[in-house]
Each structure stands twice: as structure tokens, then as C-alpha cells.
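Both of the next two complexes hold subunit A, though its partner changes from subunit B to subunit C.
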Partner chain A sequence: MLRLELFKIFRRPRTYISFLIMTAVTFLIQLAMYVDGTSFVSFAMAGVGEQFDIGGNILNGYLVTYLVLQSLLIHIPLLVALVAGDALAGEANMGTLRLLLTKPVSRTGIVLVKFAASIFYALLLLIWLAVVGLGLSILLFGTGDMINLKSDAFVMLLEHDIMWRYMLAFGFAALAMTTVAALSVFLSVFGDNSIGPIIGTMGIIVVLTIFSNLEVPLFNVVKPWLFTTHMIAWKGFFDNPVPYDAILQSVMVLVVYIILFIMATIVVFNKKDIQS
Partner chain B sequence: MEHIAEVRGLTKRFGSFTAVDDLSFAINKGEIYGFLGPNGAGKSTTIRMLLGLIHPTEGEVFINGEPFRQNRKRSLQQIGAIVERPDMYKYLSAWNNLEIFARLSRKHIPTGRLHEVIELVGLKGREHDKVKAYSQGMKQRLGIAIALVHDPELLVLDEPTNGLDPQGIAEMRDLIRTLGTHMGKTVLISSHLLYEIEQVATHMLIIHKGKKMAEGKVSDLLNPNETIFEVRILPDDSILEKLEEKGWGQYIAEGGNSSALLFRMHPRKMPGLNKFLVEEKVHVLEIRSKHSLEEYFLSLTNEQDAEVGTV
Partner chain C sequence: MRSAVRGVLLIMLLSGTCYPASAQSDSAAVLFEKLRSRLDVIKDYVADVRVKIDISFMKVPPLNGTLYFKAPDKMKLERNGGISILPGKNVNLTLNSMFPAGKATVIDAGTDVVNGKPVKVIKVLPQQDDGQIILTKIWVDAERNLALRTETTTRDNGTMKMDLAFGRYVRQGLPDKVTVYLDVKEFKLPKGVTMDYDIKSQMQPAVQSDKKTKKGKIEITYLDYQVNKGLSDEIFTETN
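On to the complex of A and B.
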């Protein structure tokens, strides 16, 4: 069943739009850095350069990849939602859901397969991002020590101490995108076309991200419970030392959200009257 | 005779609206069972409940004697269906669509079987075209191929001639006859057109506003020597049982509301029935004769159209 689902996803031209968009954004950032990266780095390092003497290849593939990841923070969930939000609602919209459900397959099975296919797609997107983002950036800009600029500090990471951080960050991103996929599949169960679930997913992520980022006491109470607060924990891998406890906590929160979304989808879908 | 599908007391309410109201019927093996009713009568809702797409508010569906709810997968393995429009994955070829749904049927289906059904429905040579290039008639035939591919005992075809041109309708009719007569399939076919059902079905059920109006062999129901009588009475809970007991076998079913009864009988028998009702202290408000089931069905359809017109 999963193979059939992947076959359906990857035979649709719109599936590849996400890969194209991601390639284009990555390429644009790389191009901008290639053409005018030196002035960007000197501008960013203006304050730091006065107090520290920094040498070597600062504008390297690792830094560019970090910039790419920062820029794609809001885009990748949208790209995941494009496919995951379509999971059940798209079938309802095409009218194939009723045909699918007259076959001897369980509704729970359908939800799990749709979810698994969405994860597979999200993973492929991330692998593609690793190839064009990290791979191509290293090819274009080479490697070097990485400076991670934060609002109140900067972290200097040595060249040989970076690759494993990227591997773990991509692994964490996979979990974060699985959460987005689970939310999208959940919203997809209510829709009779995929627009609602896609916009719904993005709306929820945008609103909750604002909650997660605003320094307002009222929001501070709910912040630790929002999945958006934890989705950006991949940045922790570029700290020194890596805050493993906080990251592990984020992993646990995201896993709980994924389980809740999937269970809710299964319950709602099993009770649903198919009228599309 | 063994029932391949049986529906007992099926009711579906959407909020305060009752789409299907205490409906019971049974389909025997080998029948081409016509399911007739004006638009909005509850046919699609009933078919969806029969297939498990919609959960009944009350009542139960049995497939080969087993309750559907507890044996959903096994029941569905024995059914092939088209519900309303035959929608498929338009960006895939007919062959890909057929392959996908064949695999989902959980039976081992050799490639030869796929060729066989493609040929049967007359799509040979066009099977590798994308479905988006298909006409409505071709989609309908592909829908039947998908419904047939796992060799089910029961085919459920919901308004299969909808949207087809006259030639398409004739071809579909031939195909349904072939499935029933030559291939021994049991077919449940729904329509809002009496002549459609009349031409292919061996048995039929008429529903109106979610209730059963008439059921039986097509040849009996459309017998020109018999007349349909609609008897309107003040609501009486016990009268249905008494009618059954006293052998008023011509009694067909209760009407659109609980105070209307339908009888199919020779006009000479009517006074006897009237006498019986009076003796049973049933308040008879009106007895109306409709010359044939066709006329009766037409009056239902007109009534429905008038209601739609006033909305």
C-alpha cells in the first residue's frame, strides 16, 4: 500500500515543484553570497571584528548552509504541507476517496500509509536540501571554521567539528517536519480539497511561531507546550557546548505531538461519513 | 434462496433530516436488482451505507449473511462498486488506475485478468491513455473494470448511465446485461429513471424520501392487469401487522409518511380491503388508484420536482 501511495505522489508533476522551489531559493542565496558575500560577512562581523582578530575562510560552505537553513525555516513546512495536506483531502477532492474506501483496506491503514508517505516525502526534501544546500555550498565556497552569529553572542566552531552537527541538525529537522506532516494529515481529514489543510497548516505554524518568539509574559506560560517552540531546536547543535537536555526535551514534545495528531486523525477518519 | 446482501432497518439522519428511514431489503444471488427513486430519495446514502462509506444511524447491513460492520474487509472483497461519478487518478493512465485498485483488493490478480477486464469494457487500445483524456463514457467503463477486476460476487453501480450519451447508455445497458446473464454476477443498479431499471433489472425496489415504496419482481410490479392503490389512513401502529396476518399479500409498503399505504391488486379486490380496514376501525381518509407503477412513480417524481421548484 505504501508503494502504491508513493507511486501516486511521485507520478504527480506538482510533487516536484517543492524540489524546484527549494533548489531555486538555495541557489539564489548561494549566488548572492558568491557575488557579494564578502561585504555581507564584513557587515555582519562589524562589531565582532573590532574586538577580535578573525582570519581564514569565514565565508565558507558551512556558513552559507546555515544561512540557507535560516531562510528556509518557514518554507520547508509549507512544502511539506503541500503534499501532506493533500493526503486525504486531495483524494476527497478528486472523488477517489470513496473508491479507495470501497476496497478492503482499513481506514486506519489508509491514515498510516498516507502519513508514512508524507514522512518519506519530507525526508526526501531534507536530503535534497542537504545535497543542494550543504553539498553545493561546500563545493562553491569550500570549508572552514564556522561563525554562528546569535543576537547576544557568537559561537566559533572549528572546521573539523561541524559536519556531525549538520547531520544531527538534519536528523532533528526530519522530526520537526514529521510533526508538520502529522498536523497536515490531521487537518486533511476535515477538508474536501487540499487548499484548506495547506493554508490551515501554515496559519497554525505562523501564529504559533509568533507566540513562540514574542517575549510577552502571557505567552511564556504556553511557549514550552507549543511544537513551534521546539521545531527550531536544531539550532542548538551549533552551540558550544550542545544543550543536549533541551534538545532531548524538544524531541520528546515533538514525538508526543506526532502521536496525538496521528491518533486524532485515525479516530476522526474512522468516524467520518464519506460524502465527497 | 441465499441473500448476497441484506439491509435491515437502515436509517440515516443528518441532524434533523432523515435521509433514509427504516429501510429493509434483500438481494438474492444472480438478481439484477434495480434501486429506483427520484433524485434526493436516499439512494446514494443507502448505497454508501451498504459499502461502509457512511455509518448508519440505525440498522445493519449483511453481506453473505455476515454483518458488514464486523467483517468490513471480507465483505468488501466480495463487492465491486461505482459510487456516483466514476472518479479516478486523472494524471495516471487507465492501466495504472486499474493496477492500483486491483492491488488494493487484497487478492492475487494476474496481469492477464487486467487485460481481460479492459477488453470486456471495451477499452482495449486506450488503456495506456491518461484518464484526463477520457470521455465520461470511457471513465464509466473504466469504473466498471475497476469494480470487476477482483471478480466480486456483487456489483454495486450507482446511476451508471448518468452523463452518458444515448449510445453510451445503450452500451452500458448491454454491459450490465452481460454481467448479469452471462457472467452470473449479482448487480445492484440505482437510477432515477424507471425505464432504465425496467430494461435491465429482474427485481426492483422503489424508495421515496428514504422510505421503501415498492419491492418485487419487475414483471410483477409492472403488470398491466393490476392497479396501484394508495390508501391514506390516520396513523395506526398495528395495522401493518394485521394486514400481513390476514394475507393482504398485495400490500407493498408504507408510503412517504406513516399514514399512506400502497397496494398492488386487481381492482375487484379493493372493496374487500376497504371493508377489512373499516372492520379494524382504521380511519380511511382517501383511496386513490394509480393505473400502473409507472404512473405512480411518475407522480412521485413530479411531486419531488414540484418541491424542488418551490424551494
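On to the complex of A and C.
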């Protein structure tokens, strides 16, 4: 059944649009950095540059990949939602959901398979991002030490100490995208067409991301409980030392959200009166 | 007669107090000139170094590289294609840069002990007032003609302290290890731009520091020197 779900996903043109969008955005960032990266680096480093002389190949493949990830990991949830939001609502829209339920598979099984197919798609997106983001950036800009600018710190990582961080960062991003997929599948159970769950997913992520990043003391109480606060924990791997405790806490929060979303989806889907 | 004796006594007394002072001042000036002439012998050097940066907002691992120096103030750290970090143009990590260029007034500031060694302390004030340096205090090991510590007050970069440890290259007057203590300005970027992952600070309100500047420390360990090889200026022009 999983194979059938994957066939459905990869048969649709919109699935490949996501890969095209990601390639285009990555390529545009790389092009911009190739043409005018030096000005960007000077601008970004202005605060440190007035006190220190920083030389060497700052604009290398590792830094460009970080910039690509920083830009794209806000947009990838939209691309994940394009497919995951369609999981159940798309079937309802096409009128094939009742037909699907005639198969000798439980409703819980159907939800889990739909969710697994969405995760598979999200993982493929991330692998593609690793290829065009990390692979192509290294090819174009070479490797070297990496500088990571935080709001109150200047972190420098040595060349030999970077690749494992990217591996773990992509691993964490997979967990973050799984959370988005779980949210989308959950919203998908309520809709009769996929537009609602897709826009709903994006709306929730945009609003919660604003909550997570706004420096207002009132929001500090809710921030630790929002999954958007923890979705950027991949950045922790580029700190020195790596805040493993905080990352583990983020992993746990995201896993709890994934379980909650999927459990809720199963409960709602099992109780739902399917009319289409 | 009485007044004549009084006058003679006064002259003797005045000359008695002035003579040692001028002698002290001379010896301080001589000490400074001896130090400066020893430094002047070093026209350039290339050294393998290990740099440790200990500045509150900088998380930088120890850096190995090659340090190029050309008198009076050219310096460059090269790291085999890696990123190098040195204090900005107005702060130099060489002893030469801590000494005011041109004519200077040298004052004896007594004695002190640095790392268990008795030293003479001199204060150097540049006579030209258009330079960066306002005052330099030097702790001099008079016996070996070495500066073991300097404290330089600059116009724009606060006060900078430098500790020098000598060992294998003492004959050339070159240190094995230099530790520079400097004032660094606070580093801040908007969180909306960097989108930091920092769970703790997200839960707690940010604590604003009163101090705009903080103390920092840069430690350079010299592993090997090649002195006066005739370095060209092109080495110091950034090629990246």
C-alpha cells in the first residue's frame, strides 16, 4: 500500500514542482553569492570587521550552504504541505476515499501509510537539498573554515569539523519536516480538498514562527512549547560547543508533536463519517 | 652672612634633589633607547604560530598558522587557505607598535616584579600628539634588555596590555609567547536577522549588559622564527 501511495505522489506534476522550486531558489542564492558574495560578507561581518581583520576564504561552500538552509528551511514546510496536506483531503476531493476504505486495511493503517509516504517525500526533498545545496555549493565555492554569526556571538568552525555537523543538521531537519508532514496530514483529515490543509499548515507555521521569534516577554511563556521554536534546532549543530541538551529537548518536543498529530488524525479519521 | 649660608644651603638642597631625578630620568631614557634599538634590528620575520582567542563573543578554536611581520607595523596571519583572525588595523600584536614612534619623553616609574623577576618600570609619552598612542608603560628587565610587559593607552582603542614570555629566542629579543589583553566592543546583531536557536534565552528575558566594552585576550605562541629574510610588501596585501 505504501508503494501505491508513493506512486500516487510521484505521478503528480506538483510533486516535481517542489524539487524545481528548491533547485531554483538554491541556484539563485548561489548565483547571488558568486556574483556579489564579497559585499554580502562585508555587510554581515561589519560588526566584527571594525575590530578584527578577518582574512581567508570566508565565502566558501559551507557558508553558502548555511545561507541556503537558513532561507529554505522556512519554505520547505510549504513544499512538504503541498503533498502531505493532500494525503486524505485529496482522496476526498477526488471521491476516492470511500473506495480506498473498501480495501482490507484499517483506517489507522491508511493514516499511517499516508503519513509514511509524506515522510518519504520530505526526506527526498532534503536529500535533494543536500545535493544541490551542499554538493553544488562546495563545487562552486570550495571548502574552508566556516563562520556562523549569531545575534551575540561570532562562531568559527574549522574545515575538518564541519561535515558531521551538516549530516546531523540534515537529520534534524528531517525530524522537523516530519512534524510539518504530521500537522498537514492532521489538517488533511478535516478537508474535502487539499487547499485548506496546505494553507492551514502554512498559516499555522507562519504565525507560530512569528511568535517564536518576536522578542516580547509575554510570548516567552509559550515559546518553549511551540514546535516552530524547536524546528530551527539544526542550527545548534553549528555552535561551539554544540548544545546537545537543548537539541535533545527539541527532539523530544517535536516527537511529542508528531505523536499527538498522528494520534489525533487516527482518532478523527476513525470517527469520521466518510461521504465522498 | 646668615642669608648667604641659607642661600648656599638652598642651592645645595635643590641641586641635591634634582641631580638624582635627572640621573633617574636619563637611565629610563637610556633603557628605552636600548630597548628600541634592539627592536630596530628586527626588520621582518616569518613565524609558525598558534593563536588562542579568548574574547567573550568569539567562539574560535585555537588557530595554527604562519605569522608574517615587517617593521614597523605590517602583520598578517596566513592559515593554509583557512580563515585568519587578528585584531583590527589600529591594534598590532608586535612590541614595536606598543612603542611610540619618534621622539618621546621617558619617565622613571620605579620598580616592580613580573613573574617573580624584579623589573624597572618606565613611562613613555610621545612628543607628537597626532599618533594613536597616548602613553606606554613598560616593565623592563634591565639585565637582559627585554620588555616583559607593556601597557599602552591609545586614543581610539582603550588600554592594551601585553605580556611577553621569553625562552628559545631571547638572544634575538623575540618572545616565545605574547599575551595581549585588549578592550573589545560588544557584538550585537538583530535576532530577527540571525534567527538564533537559543532555547534558554527564549525562555528568559535578555539581560542587558551595562558595559559597552569588555576585556579580551589573545595569546600567540611562537613555534619557530625566521628573522630578516627580506619580506616584500606584497605578502601583506589581501589576495582573497
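Please note the rule applied: the second predicted complex is superposed on the first by the 276 of 276 C-alpha atoms of A that agree within 3 Å, B and C clash if a C-alpha of one lies under 4 Å from a C-alpha of the other, contacts with A are read in each partner's own complex, and residues count from 1 in each chain.
Definition applied: a residue touches a chain if its C-beta (ideal position, glycine included) is under 8 Å from a C-beta of that chain, and two chains touch if they have at least 3 such contacts.
Computed from a prediction, not measured in an experiment: that's the story for all the values here.
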Fit or clash - subunit C, subunit B, common subunit A: fit
C-alpha centroid angle, subunit C to subunit B via subunit A, nearest 10°: 170
Which superposed partner A:M94 touches (first subunit B, second subunit C, both, neither): first
Which partner reaches more residues of subunit A (counting touched residues only), subunit B or subunit C: C
First, second, both or neither for A:P224, with subunit B first and subunit C second: second
Partner chain(s) touched by A:K8 [first = subunit B, second = subunit C, both, neither]: first
Which superposed partner A:V105 touches (first subunit B, second subunit C, both, neither): first
Partner chain in contact with A:H75 - subunit B first, subunit C second, else both or neither: neither
Smallest separation of CA atoms, subunit C relative to subunit B, angstrom: 41
Overlap of the subunit B and subunit C footprints on subunit A, listed as residue numbers: none
Subunit B-facing residues of subunit A, complex: 1, 4, 7-8, 11-13, 94-96, 98-106, 271, 273-275
Contact footprint of subunit A on subunit C as seen in their complex: 57-61, 76-79, 81-89, 184-185, 187-200, 202-206, 238, 240
Subunit A residues touching subunit C - in the complex, by the definition given at the top: 47-58, 70, 144-145, 147, 149-159, 161, 212-213, 215, 217, 220, 223-224, 229-230, 232-236, 239-240, 243, 246, 249-250
Residue ranges of subunit B touching subunit A (in the complex, touch as defined): 48, 51-55, 72-77, 79-85, 87-92, 96, 100-101, 103-106, 143, 146
